[in-house]
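Next up: some structures, all given as structure tokens.
What follows is a pair of complexes built around chain A, which joins chain B in one and chain C in the other.
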Partner chain A sequence: MNLGQTLTFGQTVWALSPELVLLVTAILVLILDVVRPHQEGKRWPPYVTLAGLAVAGAAVVSLWLAGCNTRVLAVVSCDPFSLAVKFIALLAMAIVVLSSDVFIRTRKLSQGVFYALLLFSTLAICLLGASVDLIMIFLAFDFLSIVSYVLTGYLRGSRRSAEAAIKYMLYGAGLSAMMLYAMSWLYGLTGQTNLEGIASTLAMGEQMLRPMLFPILIMLLAGFAFKIGAVPFHQWAPDAYEGAPTPVTAFLSVGPKIAGFALLVRITVIAFPSTLNFVHLDWRTLLMAITAVTMTLGNLVALWQRNIKRMLAYSSIAQAGYILIGVVAASPLGTAGVLIYLLAYAVTNLGAFAAIIAFSNQVGSDYISDYAGLSKRAPGLAALLLISLLSLGGIPPTAGFFGKVYLFSAALQSGLIWLAVVGVINSVISLGYYWKVIREMYMVEPKSEDVIVTPRSLGVALGVTMTGVLLVGIFSNPLLHLLEPVVRVLFLRS
Partner chain B sequence: MTQQILFFVFGAIVLGAGVAVVTVRNIFHAALWLLLAFFGVAGLYVLLEAPFFAAVQLFVYMGAIGVLIIFAVMLTQGIMKEKQLPFNEQWWMAGLMAVLLLAVMVYVIRQLPAVTPQALQWDSIDLLGMAFVHPQGFVLPFELASVLLVAALLGAVTIARER
Partner chain C sequence: MVPLQWYLILAAALFCVGLYGLLARRNAIAVLMSIELMLNAVSVNLIAFWRYTESNTVTGQVFAAFVYVVAAAEVAVGLAIIIAIWRTKNTVVLEEIDLLKG
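Showing the complex of A and B:
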């Protein structure tokens, strides 16, 4: 499959097969849920969901091996970059499904709808990673947002969950309206909704269009900053993270970020490429400021948190700041760094959340002080949480360390020495609050002697994430050599 | 001349109704004022010789969205009884942001070169229909919109359903 060639029906279906599989699986889960409604403690929904994710993953791999690099139905692109994003998203969602099983069953929440919504959100992330048209981008963006609001409020009867969902929705609705407004300006300016068309129209009329572009960029970036949880549009994150059902918190900390960063990279690289010098300068300056503030604020506020979910919320804000460095670098190394760090962050953070779910499932608390002496009550669980936290803090030889190395070296390569320095200083600050949890687990006497038992599905989730953390760490260099040449295509096209 | 008079009439409707939306004490009345503001915008579209926009404005905004807002107001318990000014201690911040936004927009639009009007394509509705189903058009977003609606409906029912 090559660029510029019209696809046959079969090729179109193949190129869209990951999304189609997800859609069909979601509908299948819903239908099965209606056909067999009163099956006490039903076990099949997560398995069906995982099977769907696995088939979609196989489709992604087959498209990657076929060297797919083409436009599908004018609005999405099937290229190595989008396939990498889809692969990370599918892996992350599989871990979320594994972490959800026990939580959803013990609380007797509707399983079919929950997994269908998770599949719908995966579909939205996959489409966002591939969109090259403003209309498609906006639809997929809002699709993901709406499903996320519902999932956040999924604990019916819990006031906190409802409050979190309402806050998240009001915040998100305002910012997506703002983003849509920016898109309408962009369309009004260029008469194009296609990102490449926008870039070429902008290239023709640089001087004339210049004054319009700055407000457009600010409003567009506001929408993306909301999705990835970057300052100053991060305020929804701590409340939504704390109030949402914990497996959904795990999803919120990873899913929207994968989608948001994929979109941010694609828009900045394709619609506002560096060949348009003045535009390039504008968005880079803006993003640089956002990057530095996001890292610093996220880390500093995380230091004061007592609730581990809130702490990880601020930690994930700071992590978004690190990943933004790769976007600002605007180079193949930076983009490959973004992908590797997204993968590393996804497995690491989901590992931490799987451990938190296993803990709160039995103890019923999310306070860091209750983690006292966890190493004695559940040595395995404590060790896995330790590895996750070390990886989040960027200690070698974990995935988080190598991910950061590539991001910071991309910053150096693009001449952004100060940003790399801010990143390194922030990594050191972040160790402060990760250490707080580690200290509780290993150096404080336990409050209770009860042994904490990890349910099997969570055990599998923890096993997968820890394997991921170590494998991404060990094979980070081959991974970079695999990704860097293919993301270069994005830059060549512009 | 007639056009200019009409422009000022519609402009006055939009502005007057817009101010009323944010100042009246009864939220139901605010919704009705909003409908009038939508109507004024439709009138402006007619003056700009954009009949398609005018029709969409009437159908979608005055029709669908207006009814939706009124439904939402009527279905919210106790909201009709409260009669208070829709201001809180942050009203001046909101006002400041609104003035700033206006300033930026006026500045930006003044920077733009004058655009010469072009002949409109009158078959724009045909084009719209084609765009929804053509493989090089927006068939995928069109389909995605239907999936989005299903997911949103599903979520709304799940959250709102009685236990």
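Showing the complex of A and C:
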């Protein structure tokens, strides 16, 4: 399937098969939940969900091997970049499902609805990563947002969960309305909703439109910054992370970021390419400022946190800053770096959250001071959390280190030396708060002697994430050689 | 025919009223209503641009229709969350919803 070729019905279905599988599985889970209600401690929903994710993953791999590079129904692109995004999203969601199982079952929450919502959010991420049309982008964007609001408020009767949901929802709906207003202007100025059409129309009268395009860019970036949790639209993140059920926090720290970065790369590379001098300069300048501030503020505020979920919220804001470096670099190396770092960040952060869920499941606390002496109470869990934190801090030979190397070298290659320097300084600052948890776990005497038992599903999640952290670290170079040529296609088209 | 600018000014005014409400109102329901105003501004914009620039296609109309679909979904979820807040806290005033901070 190549660009410009008209697809038959069968080919269209094949190209959309990951999304269709997710949709069918989500509906299946909902129906099964209705057909067999009130079954205490039922075990099937996570298995059905995982099976759906696996089949969708197989579809993604088959499309990748077939070298799919085409437009489906004019609004969705099936190209290597979107397939890579989908693969990362499916892997991340599978880990989220594994980490949710015990949490949801012990709290007697409706399982079917929860897993259906997770599948719908995966579907939204896949669609957002593949959209090439403003209408499709905004639909997938709000689809993902609305599902995330519901998931955040999923703990019924919990004040914190409801509060987190309302803050997230009002913040998100406001910013998405702002982004939509910018999109309506973009449509008005160009008469196009297709990203490539926008680029070619802008090329004709860019200089004249520049004063109008600048505020449009600011409002567009506001919406994207909300989704990836970048400063100055990050304030929802700590509250939503702290209040949401912990497996949902794990999802929030990864899912929307994958989608947001895929969207950001696609819009900046295709709709505002380097062939447009002024718009290209404007968005890069804006994003550069956001990048530097996001990294620094996220890291500095994280130093003062006492709740580990809140600390990881600020840490994930800082991580979004690092990934933004790859977007600002606006080069094939930068884009490949974004993908590799998203993969590394997804497995690392989900590993940390799986460990936190295992801990809080038994101890019932999220305060860092309660992690005292964890190495004696649960040596394996402490070691895995240690590896996750080291990878987040960027210590070799973990995935986080190599991810950062590519992002920073992409910055150097694009002549953004100061941004790489800010990134390196920030990585050093970040060790400060990761070290705080490590010291608590290994150098402080435990408050209680109770052994912490990790449930089997969480053990599997931890195993998968740790394997991911080490494999992505070891095979980062082949991964780069695999991804760089295929993301180059995005740049050639413009 | 009314010039295009008038519609754009109307939309911009609507958007600004909505934005002011979003930032200044303390009642969660009023904030939700303000967001709806902003979305209405988007619809006015889209329809006006569509009518005056390329009325031979339906892109603008489709876009506007989807804006309404999403707005309705957002309100449904928003009100559900506000009811959840009301049940646990007996208030919808945003300043009193302050359990999470730091």
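One rule holds in what follows: the second predicted complex is superposed on the first by the 494 of 494 C-alpha atoms of A that agree within 3 Å, B and C clash if a C-alpha of one lies under 4 Å from a C-alpha of the other, contacts with A are read in each partner's own complex, and residues count from 1 in each chain.
The rule is simple: a contact is a pair of C-beta atoms (placed from the backbone, for glycine too) under 8 Å apart; a residue touches a chain by one contact, two chains touch by 3 or more.
Values in this document were obtained by computation on a predicted structure and should not be read as measured data.
When the shared chain is aligned, chain B and chain C each come close enough to touch A:Gly153. In the superposition on chain A, no contact is made by A:Asp79 with either chain B or chain C. Of the two partner chains placed around the shared chain by superposition, chain C is the only one that A:Ser184 touches, whereas chain B remains out of contact.
In the superposed model, A:Leu123 lies in contact with chain B only, and not with chain C. Judged by the touch definition given at the top, the superposed model places A:Asp366 against neither chain B nor chain C.
In the superposition on chain A, A:Leu139 contacts both chain B and chain C. Once the two complexes are laid over each other on the shared chain, residue contacts for A:Val113 go to chain B alone; chain C is not touched. By the touch criterion defined above, A:Leu23 reaches chain B but does not reach chain C. Chain A residues 135, 139, 142, 146, 149-150, 153, 156-157, 165 lie at the interface with chain B in one structure and with chain C in the other. The touching residues of chain A, counted against chain B in their complex, run 12, 23, 30, 72-76, 110, 113, 116-117, 120, 123, 127, 133, 135-136, 139-140, 142-143, 146-147, 149-150, 153-154, 156-157, 165, 208, 211-212, 215.
If you check the complex, the residues on chain A that touch chain C are 134-135, 138-139, 142, 146, 149-150, 153, 156-160, 162-167, 169-170, 173-174, 177-178, 180-181, 183-185, 187-188, 191, 193, 238-239, 242-243, 305-307, 310.
Remark: chain C residues 8, 11, 15, 18-19, 22, 28, 31-32, 34-35, 38-39, 41-42, 45-46, 48-49, 53-54, 59-60, 62-63, 66-67, 70, 73-74, 77-78, 80-82, 84-85, 87-89, 94, 97, 99-102 touch chain A in the complex. Chain B contributes residues 104-105, 107-108, 111-113, 135-141, 144-145, 147-148, 151-152, 154-156, 158-159, 161, 163 to its touches with chain A in the complex.
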